[in-house]
Structures are given as C-alpha cells and as structure tokens.
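Presented sequentially are two complexes of chain A, the first with chain B as partner and the second with chain C.
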Partner chain A sequence: MRPRFVHLLRAEWTKLRTVRGWTIAMLAAGLVTVALGLLIASGDRASCGDGASEEACPAAPVGPGGEAVQDRFYFVHQPLTGDGTITVRLTSLTGIITYPPPGHDEIVDDVVPWAKAGIMIKDGAEPGSAYAAVMMTGDHGARMQHDFTHDTAGLPGGASNTSPRWLRLTRSGDTLTGEESADGVRWTGIGTIRLKGLPDEVQVGLFVASPCDLTVNSSLGGSSEECRFTQATAVFDRVDVQGSTPLGTWSGIEVADDDGQTDWEKDHRPNGLVRSGDTFTVSGAGDIAPLGDSGAAPIERTLTGTFAGLIIVIVVAAMFVTTEYRRGLIRYTLLASPRRGRALAAKAAVIGVVTFVVGLAATAVTLPLGTRILRANGINILPVSQLTELRVVVGTAALLAVAAVSALALGILFRRSIAAVTVGVAVVVLPYFLAVGAVLPESAAAWLMRVTPAAGFAIQQSIPAYPQVIGHYAPSTGYYPLAPWLGFAVLCGYAAVVLGLAALRLRRSDA
Partner chain B sequence: MQATIEVNDLHKRFGSTVALDGMTFTVRPGRVTGFVGPNGAGKSTTMRVILGLDAAASGSALVGGRPYRTLRFPYRHVGALLDAAALQPSRSARHHLLWQAHSQGLGARRVDEVIDLVGLRQAARRKAGGYSLGMRQRLGVAAALLGDPPVLMLDEPFNGLDPEGIVWIRGLLRSLAAEGRAILVSSHLMSELQDVAGHIVVVGRGRVVADTSMADLIGQHATLEDAYLELTRDAVEFRGAS
Partner chain C sequence: MRCELHAEWTKLRTSPATGWLLLAVVAVTVVLSTATAALVTCPSSGCGHDATRISLTGVQVSQALVAVLAALTISSEHTTGMIRTSITAMPRRVRILAAKAIVLTGPTLAAGAIGVVGAVVAAGRLLPGNGFTSAHGYGPLSLADGSTLRAVAGSVLYLVLIALLSLGIATAVRDAATAIGVVLSLLYLVPIIALLISDPQWQRLLRQISPTNAGLTIQVTTDVSSLPISPWAGMGVLAGWTAAALLGGNLMLRRRDA
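Let's look at the complex of A and B:
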C-alpha cells in the first residue's frame, strides 16, 4: 500500500483542479506574467544616431567572463613575448571633472574616486580582451584588477611627487603577480591571479582611465542620472620592461575609440601621451569595468509582469483554504486526515508545486521571447551565463511558489480570504512596488527589499552590483541590496515562520 | 474491527459554558442508536470530539476501540455526516466525493457506487452549490458511505429531506444496521427516530439523561415526544410557560 501522504496529495490536487475558477485563475497568473512581460518589452525601444539617421546601438564588448563590459581607456603599449615584468614609478595622478554639482558651471581640477592609472598586461588591444592591471586609483589606493569584474585592494593612499608609488606587474606563464612599493626596493604583493589561455604575445604598457562622474537626482516616482565627463592624467617615470619586447618602442592608442569624444575633448584636452625624456604623461578617460545597465537591458527586464501573476497566485492560494473555513469544509479535510500537520503539508505541497510549474512555464516562455522582442527593438541584452539565466527563470517560479505557500498559511491563520489576501499582497507585492517604483527614498527602498518578504525578488537580478564600479545601484534600477539567494532565503524564512504558525493554529484549535 | 463507539466521561467547556459534563455512552453494532436532546445539550460537540475535530478536556472517545486520530484511512472505520452545507459550491458533487475518496486511497469507481446508492446519478456532475438541502443531505450520506465503514455518525440527517427522502433514509439506515453496523443518528425531533432507532441516548446539559431501548422508553410514556419532554425538562435553558 502506498504511503498515506501520497493519497492526501492526490486529494488536495483533486480539490484544486475541480474548482474551475481556480484552474482558470492559475492559468491566468501564468498568462498575465507572459503577456505583461512581452507587452512591456515591446514598448521598450532604443536607437542610436544623431537624430537624422537612427541606427541600432552597438553592442557592448563582452569580457572573458561573458559579461558586457566597458573597455575604454588610453593605453601606451608594446608587445611582450613570453614571460616578463613591467615596473613603473607613478609620481602624479590628477584630473578634471566637468561641471560638477552644485553649480554645474565650471570645470574643476579633481580626480573621481575610481580614476585608474597604472600598468597592464592585456591580450591585445581589442576591447573586452583579457587583462591584468596594477594601478593607483583616485580614492581607493593601490589595486590589482583583472578581467573587468575582479578587484583586489592594495595599500591605501595616493601618489605624488613627494611620495611616489612604484607598481610592478609580472607575467610567468598564465600567472600574473602585482606588487607595489614606496621606494622601489621593498615590495609588497597585492595579488596573484591566473589568466587562463593568455597567448604568448601580449601587450604590456601604461594605462589611464577615468569613469564619468555620476550624480543621481531622486524624486518621487523616479530618478535621473547624470554622468559627467572626467579625465585623469598620470605621470610615470622609471618605466622598465624586462622580457622579450621585439618592437622596443611605445605607441599610444585609445582602446575602444568609438569616436565618442566631444568636440571639447578633442580640441582642448585630448587623451594621449606626452613624452619628455623618460617621463610619460598619459591622459585618459573611460573605464575598464562591467557594463551595468546603462544602455542595455538585463534579462529580468522581461519578467516585469511577475508581480501581476504573483497577486493572482496569492489570491488562489489563500482561497484554497479560506473557502474551506467559510463553508465548514475544513472539517471534512481534517476528517480525511486527522493528523493535521500532514493535511497542511499536503495542501502546501500541492499549491506550491502547481504554482511552481505554472510559474516555470511562464518564465521559460517569457524570458527568451521577451529578450528577442527587446533585441528587435534595438535594445541590447546584457549577456549572462546559462546558469544565471536558469537561476532567474527557475528562481522566479520558486518565488511564486513560496509566496503561494505563504498565502495558504496566512489563509489558515486568518481564516478569511480578504484578510489573508490583503496581508499577503501587502507584505510581498506592495514593498516591491514601493521600492522598485521609486515611491520611497532609495535608502528606505533598499531596507524594504532587505527585511520584507519582497526581498525574494532579488532572485531575479542577473547583473551584480560591483563595489569597484560606481553605479546607480537601487531597487528602482534593478539592483537589490541582498544577493539573489540571500534575498530568496529571506522570503523562505518568512514562509517557514508563517507556515509554522499555521500548523500550530491548525493543531491547537477546534475545527 | 469492532463496530462500536465508546464515549467515556467526556468533559469540555467553551469559556464559562459547560459543553460536556461527563458524557458517557456506548453505541453498539447492529442497530440504529438515536442521539437526542435540546439545542446546546452537547450532541454536536460530542460527535466532533469522537471525530477528533474538537479536543475534550478529559475523558475518552473511541471508534472501534481506537481514538479517531490514530486511524489510518479513517473513512474506512467511520463515516460521518456533520454539516450538509459543508461543500465548495463551484465543485461538482462527484468531484466533492472524488477528493474525499482519493484521500482514503479509494478510486472513482467507489464514488460512482455511492452516488448510485444515494440516488444522485442524474445530478452528480452538476455544481453542488445548486443543490437543494435534501440533495446535499444525500451527498453527505454518500460521503459517509465512501469507505464502507462499520460505524456511521449522522448529525441531523433528516433536515431538509422531503417525505420521500425521509422514507428513503429510514430504509437505508435500517438496512445498514441490519448489516451489523453501529449507527449513531442525532436529531432533535423524536418522531423522526421513532420507526428507525432501536436504542435511544437522551442528553441534556452535557450529560446523558437516559440510555435505553426504544421499547422501554415508549413503554414508560404515552409517546416518544412525551418521554423526551419529560426527560429533558431540567436540561433545557428556555421553554415557554406551559
């Protein structure tokens, strides 16, 4: 004989499927998620050009890790064959920021916190190619970075004439070691990393980059971002390359020169190299970093309709049990399964699994279709690994399922549809709306997405926020304060608590 | 499997109200036992305690010698009709029985059998919400019979039945008892039980005031109704001056 629990599962499944309204509502939950996602995707358009002629925006280069990157900087380089070492002394890092707040009326001499100047070994000068670099930054001291997303801190401080900083980068096979020194004698390691598949011939040299200066103006219902042009200038001397350098001469290029410079840049302060004897003065703009969401859409943009499906799922899941209380049918449920914990477990499992399957079908259809529509509308999609895509698709379905189980438990606690649905929507969907819709200040929005069950929406975030890249990281731009699985765990925690309370109430009270 | 219900010294209060105050009786196989008493006497509460729906403060209630909550597939041990209105109105009668059958490891064939037994074949696929009270009673009886149980507990099964339905259910109850089942039928109308119950348990204020055969009860009084009024005189809370 099969275990009793299987029969309870079958009974609850029979209950769920034999009320036509619920079947229709569950299908509607899936369909509305698909429809809303595709509708929003088809309304999203982007084009690039000067207004007279619209053309597709160029796709961002892709880094070795598969992510979209920005790879724009000034590079003074020459080829290096095989193993080798580059050592430099950095005596100055200065720069300009154009028209910063509060006045927005002048160009000031300053460096942005993540302006970068240092030495680099890179797999050619193509944007997106693998690299490792040792650098001084505007505000974050010495760093070693590689392949766009990886960042290791060295010692803090800056570089100046009176206290210069020495940097050294050594290649040995596919191992690269970054070091720094205050005097060129005693060296401190920053990091050792591996660049798999780095070819024998690489480009070695000096680089300068300076990301734009971001300010975010938040207001009720939205925010505007402004990123102003900045430029950094570094002075290097004691430049020494050990190893096989067949050319023996330096040349400077603008990596990823997309001709995006303003006239002012070209005329007044062009990026480039000024060489005076052994002193190299290099000016650069741009950044070497993951792209973030500027100019491209993350895959989860297509799942914007999830909240609508979620509301329907909450209603069905709550009514799945509250109607039993309303009609007195709960007594027959408990007659059929006097072990009340099991009755609850069977109900929760059925509503959870059914919601998961419906949600998975919806997300598995919406994401590929939606990204296709976005691409057709000229919007580039930020590439992510298949594993991340799977996490977003499956995780969204799991988010719906866990919310459904929570709503069921709320139904047992309140025994009334209105109360259970109201509370369910108020704690799961409403915080998401308030946070993502930029109704609240960003700090409050971030807290909502940390401490309420809406934290579970973090499972949809495909592009992480990087501390070493300045960006507008807020729920309204698709960045949640908790990591995907951590946010999902918060939702699961709430579900477990409310399910436990429901079990307690069900067990203790007379039916 | 014993076909008995044994209720022993049940006590229960709802707040300051005493609901059960030493309720004790036994329902034996092979006959219909009437369970009568005024409103608030504790009939429904006793039934709910027997079925594990309500917890008693003390005492025991056993079905076939075992507490209801320990039964594997309880419908196969005892069938219960509690509240004919307890159904999801938008679910068909057949599906209402089907989920209960599935919960007990039974299949659709058994559902169709009990539907035929209670005469609902024509209406089985209609939404139960459209059922008259009489049809709902038949549906409730069908659910109670699903597991072909040796013990049956029916709370006010005559409610809402038309004369034909009352004749039908009396015949059904008699034949089920003749098969050796133990059957407890509650009612507040003695006359409904007159031709069907072989034994009567009269309760008032949470305890048994009479536990006797129908023949003895009628022998002592002019009519069953007189017997009932006599026995429950002290047990009812309100009664018009007479």
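Let's look at the complex of A and C:
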C-alpha cells in the first residue's frame, strides 16, 4: 500500500518534534530574533533641542499617501475657488550652495540637481497637504509632481533670459493638468493627474525649494553623510491666474519654516519674495519630497535580529536530513515512501511550515514591541501602510522558511551537515554581513545583494528609494538594489534550483 | 607525543577536504582582496581609506573556510565514530587535542601566509591606478613598512587563532553542524550586532570583546588612536577567546564519553 502524503507529513513532523535539541533550537531561533531586535531597538536613542533642554524630535508631516514627508519651501500664494488656471513665464533659476566639496571653503553660485521652481495648487499652506505642481528643476528639466511621491518628467533643459520657459497648471474639478511651452503659444502636456477630495478652495501660486546638497563619505566599515544648506532663486513674470473669482492679492509664506536662519539668509538673501512691477523674484530652501531615514527609523529597524535566527534555522534544517544519512534512517524513510520526490516534498513542507510559523510569531511580536520601544526612546517611526507592514512581517517569516528549505536541500545534496551549513550560511548570511556591514565597497555590496540569495532581505525594506530624491541609497543604509518582491524571488529561485538538484540526487544515488 | 602528531598529521593529510579548503583559503583571500582594491577609489587627498586594510579584505571571508577546516578535524571523527579508535589508541586525551592543534597550525599558517602576501602584492599593483598615489598621500604598499608588516603578519596569525578557536569549539560541541553554526555566529553575528546597535558605549564594548572586531584591528594602519582597542591588545582578546575555547574543549573531551 502506498502511503498517503498526509502520512508522510505526519512522519516528518514526528521526527522533527521528537528531537529535543531541534525543538529547543527552533524556539531559540524565534527568541533570538525577538531578543536581538528589542535589544538593538532599546539601544537606539534620539533627542532634539540644544544640549540642556532635550526634547522629543518633532514628527515629520505626513503626506496624503500616508508617508512621512518634508514639505518646506517658499510659497507665494492666493486663494482660488473652483476651477482655474495659473500661467507663468520663468526667466531664471539660479542659486547658491554653501561650502561644497572638494574645498568646503566657499559659497558657490550653483543650483542643486533637484532645486525646484514653478507653480503649485495646494490644499492650504499646511505642511503635508495635497498638491500638484509644475516646475523647472536644476538638472532634470521640466517636471510635474504631486502628493510628494509622484513625479513625471517633461522636456529637459533649463530656463534663462534668452530661452525662458512657460509653465501652466489647470484645475478642473479633481483633475489637474500640467503643461509647458517655450513661447507661451504652443503648449506641450507634461501630465494629467487626479487629486481625490481636493476642496473647492485651494491655494494657487509660485514656489521655490532647494534641497540640501548631500555628500557621502563612504569608507569601508561605515560612512558619514553631510547635507549642506542651499538656496534657489527664480524670476517669474507674465503671472496670470484665471478663475471664477476675481484675482486676489499675493502673500508669501515660508511653509514649515523652523524659524532658524543660516548666516547666508541673515547676511545676504533671506527666503522670500521681491516684487518689482510684474516681475516676481522668489528665493526658497527646503524640499517637497518623501522623507528618507534621516532622523526617523523605518519599521524594519526592529527586525535586525532576523539574521541571527537565520543561522540557527539553517543549522536545524540541514541537520533535519543529514542526521538521517548519518544514522541510516534515510533508508527507512525511502523504503516507506518509494517515490522519493514525495519524501523530499514532505520533509521540505514540514521544515518550511514550522520555520514560517516560528518566524511569523517572532516578527509579529518584535515589530510592534520594537517600534514602541523606539518611539519611547524619542525616535520617530516612518509611517507605512498596513499592507507594507504585513509584507515586512510575513515576508521576513517567509525569508526564514525559504532559507530553511534551501538548507534542507543542501543537506541532501552534500549529505554532510558541515558542508550544508557552511554553504547555507556562506550564501545567505555572509553576503548580508559583507554588504550591510560595509565590509565591501558600495558598488560590490549592491552587486552582492542583487545576485546572491541574500537578495531576499529586500523583502524587509519598507521605504522605497525615490529617484527624484537624492539620498544615500546603499545596503548599509537599508536600501537594497532590488525591489522587495523581486529580491525575494531571487532567493526563491535559488531555493527552487537546489531543491531540484536535491530531488535529482535523491532519485539517482543510493542512500 | 610524536606518535600523536604523526597520527593526526596523517588524518589531516589524507582527508580529501583539507587540500581543497586550503586552496580555497588562498584563493578567497587573494581574489576578494583584489576585487575590493579594484573597486575602491581615492579621488583626492585625504579620502580617508586605509590602503593596507583594503588589500586584506579577503581575510573576512577566508576565516570562515579556516574555521570549517579546523572544525572538520575533530567533528568528522565524531560523525564517523573514528574518535573512539583515536581515544583507544591515544588514551591521553589532552595530547590528541594538542596534536590536532599543532598539526592544524602548520597548513593554516602556510595557506594564510600565501593568501595574505598574495593579496597585498596583487592589491598593491591595483591601488595606485585607483588614486592611491603619493600625490594623495599613499606610498606603495611595502612589507618593509612597520605598520603594513604588522597588518600582514597579524592577519596570518589571526587566521591561525581563528582555526584554533574553531577547533576548541568543535571539540566542546562535538556535532559538526552545531559547531560550525556556533563558530560562524561568533565570527559574523557579533560584528553585525556591533554595527546595528547605535548606543556608542555598547558598540565600543562589543568591538572590544568580539573576536573578529578585536582581532582584525591588527589590519588597521591609519587612525590607530581612534580604535576602540589597540591592534595588539585586540589580538590578545582573540587569543583569550582561543585559549578559553581550547580549554573548554579539552575539559569536555576529558569529561565526556566519546
């Protein structure tokens, strides 16, 4: 009589459950993930304010999509009720960068690549509110952006006195259309977007922002970042607002200003509006963009204990089968299930499911507890959607499970636990150590996290890297080169290959 | 003791894995160090890189191979039951462990030396092309330079100590998979924790006591004063770990039935 698959599962489950060392080790894998995560979280502290009066850092504003954002710029605005259009001509975009490399000794006239100047329709002047904007940038041509994370490219080029650029933004209900033109006659569309729930009365106007100039000093073993103040100045004329209500008066506001002023702003040119006739000269600093990990922690910061659990799981999964080879039990296993593929499937299913359950219990406890500890220590958590949080929690458990199944397959391939464990650790944990620990230079680190099974760690990344924001995107700062599911798919691909090889070996060779 | 040494040397010599692992130690040390040297650039003076350390990066990975080789020398005897024969033939168990340690030291020292010197020579040819020139404050890598010599000789010594540490742990733990799991955790987990923990005092403490972080300070030739522990003191910490592991292994070997 051929055994049913459920009997094979039961047999494998009994084998796993009744070895006391393995049960203890699996529990330890879960506990170590929790304990390390919480330990690292409790060692993390942050406070703002000057020396004597330490206070909690203010939380960043949250954008319409639920993500933390920076929303600091100079806004020359007036109310607009109902539908309308704003058209401007931009004749100049200049700026300063304070103390850039290599000398770090002078203020130079230059604009940073993502300095922004243009027109905007925004749901009030509160930081984090919904908006749509058409703009010229320092190096990236004309763009249309909305709600912080969305960016559409228009034509490249810049704006100057000899070749000015015209920008137009039209509101019609929830729909906003951005256009640009070289002469104000022939218009090219950049994008049409919808802002759901935009109220009847919005603020319309001119804006200028200039993100700080980032320099990354990366050396092996760690890196330091420095972001220096920059300011952009744009000259607008032919400003025209068409709407159902009569044209109001312009007023200027520094959105999300922190009251502090740099020496440049005090001594040379403060952010603001200088108007002479129909010409508006607007200076601004800051950025309108999603916030990276500066000053706040992503949720996966609490799951850094995963790699410790991973080593234990690899050891147990490899032993789960190599012990059978050592003791000769494998012959009985194969005798009981002559179709060897099914025996392998039962073994893989049991170790995979058990690891997944243990991993899920660990991550589901660690993430909420860890974020609570971080918040209590004054560290703001970058908000993410519940779906993303679920992906990080479940994905980490799946990462452990897939690694366990791979280790099992390696155990069948090599039949010796020491080889299986060494290879398992070498291809999953070692690349993570070399890349995240910045042992290797960043280019090599990114390459490792692309082609090795350690790519699966990408499933933990909750905040994406945005091309329209200059940041220090490297494995050592928590940004992986592959998208979360793609990275996980790389790991699964490797698992499938070793599982296939293991099935082949199991069928072809004597036990 | 001569008999023990002879027996252990024969076991090590005739195990098929030994040759491959030693070859891999050399290859990984040279290739990984060279690859790193090829990728790191020094665009201007004061770029803050430690050229010697870059050219010794491969040790971070080849230490795992050395650890596997060492763990195999004892745990494969437990796997096959050979250990009972060994103990019957050589009843003084401490001598078995001592003989294993001595026999292991020779090939590790040789492979480590070839790998490390090869890495420095290969990397030393590449680095000037990446901006590590005298104009940027970097002389050619030379073993005549005191701190470079210390880093190179220290790296070889480091590999030997890691091998003995692994031997001690594998003797105490017996099971091959568990032993290598424990050793690799010790080598790689503690440095990652030290990196991720942001409390500076904890970080400093972990870097002072972790066998890898403390031991590898021997490779640092620039900014030595800012290290959490001085190079030779760091090597001392690793030697302490190794001594403790060997003593523990010896104790377990004597106390337990094989």
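Heads up, the rule we're going with is that the second predicted complex is superposed on the first by the 500 of 511 C-alpha atoms of A that agree within 3 Å, B and C clash if a C-alpha of one lies under 4 Å from a C-alpha of the other, contacts with A are read in each partner's own complex, and residues count from 1 in each chain.
The rule is simple: a contact is a pair of C-beta atoms (placed from the backbone, for glycine too) under 8 Å apart; a residue touches a chain by one contact, two chains touch by 3 or more.
All of these numbers come straight from a predicted model, not from anything done at the bench.
Asks: For the overlay on chain A, clash or fit between chain B and chain C?
Replies: Overlaying the two structures gives chain B and chain C room side by side.
Asks: Go through the superposed model and pick first if A:Val274 touches only chain B, second if only chain C, both, or neither.
Replies: In the superposition, A:Val274 touches no partner, neither chain B nor chain C.
Asks: Quick one: is A:Leu434 in contact with chain B, with chain C, with both, or with neither? Answer first, second, both or neither.
Replies: It touches chain C, and chain B stays clear.
Asks: Between chain B (first) and chain C (second), which, if any, makes contact with A:Val19: first, second, both or neither?
Replies: The first partner, chain B, only.
Asks: May I ask you to decide whether A:Leu504 touches chain B, chain C, both, or neither, giving the answer as first, second, both or neither?
Replies: It touches nothing on chain B or chain C.
Asks: Look at the residues of chain A and decide whether chain B or chain C touches more of them.
Replies: Higher number of touched chain A residues: C.
Asks: I want to verify one number. Taking the Cα centroids, what angle sits at chain A between chain B and chain C, in steps of 10 degrees?
Replies: Placing chain A at the corner, the angle measures out to 50 degrees.
Asks: Taking the superposition as given, does A:Leu334 touch the first partner, chain B, the second, chain C, both, or neither?
Replies: The first partner, chain B, only.
Asks: Looking at A:Arg416, would you say it contacts chain B, chain C, both, or neither? Reply first, second, both or neither.
Replies: Once the two structures are laid over each other on A, A:Arg416 reaches chain C alone.
Asks: First (chain B), second (chain C), both or neither: which does A:Cys48 touch?
Replies: Neither: A:Cys48 stays clear of chain B and chain C.
Asks: In the superposition described above, what is the shortest C-alpha distance between chain B and chain C in Å? Please give a whole number.
Replies: 12 Å.
Asks: Would you mind listing the overlap between the chain B footprint and the chain C footprint on chain A?
Replies: Touching chain B and chain C on chain A: no residues.
Asks: Please output the residues of chain C touching chain A within their complex, sorted ascending.
Replies: Chain C reaches chain A through residues 35-36, 39-40, 44, 47-50, 53-54, 57, 60-61, 64, 68, 71-72, 75-76, 79, 175-181, 184-185, 188-189, 191-193, 195-199, 202.
Asks: Sort out for me which residues of chain A touch chain B in the complex.
Replies: Chain A residues touching chain B: 1-2, 4, 7-8, 10-12, 14-15, 18-21, 323-324, 327-329, 331-332, 334-339, 510-511.
Asks: Which positions of chain B touch chain A when the two form their complex?
Replies: Of all residues in chain B, those touching chain A are 48, 51-55, 68-75, 80, 82-83, 85-92, 95, 98-100, 102-105, 143.
Asks: Along chain A, where are the residues that touch chain C in the complex?
Replies: Touching chain C: residues 36, 39-40, 43-45, 102, 217, 219-220, 222, 304, 307-308, 311-312, 314-315, 318-319, 322, 326, 416-418, 420-422, 425-426, 429-430, 432-434, 436-441, 443-444 of chain A.
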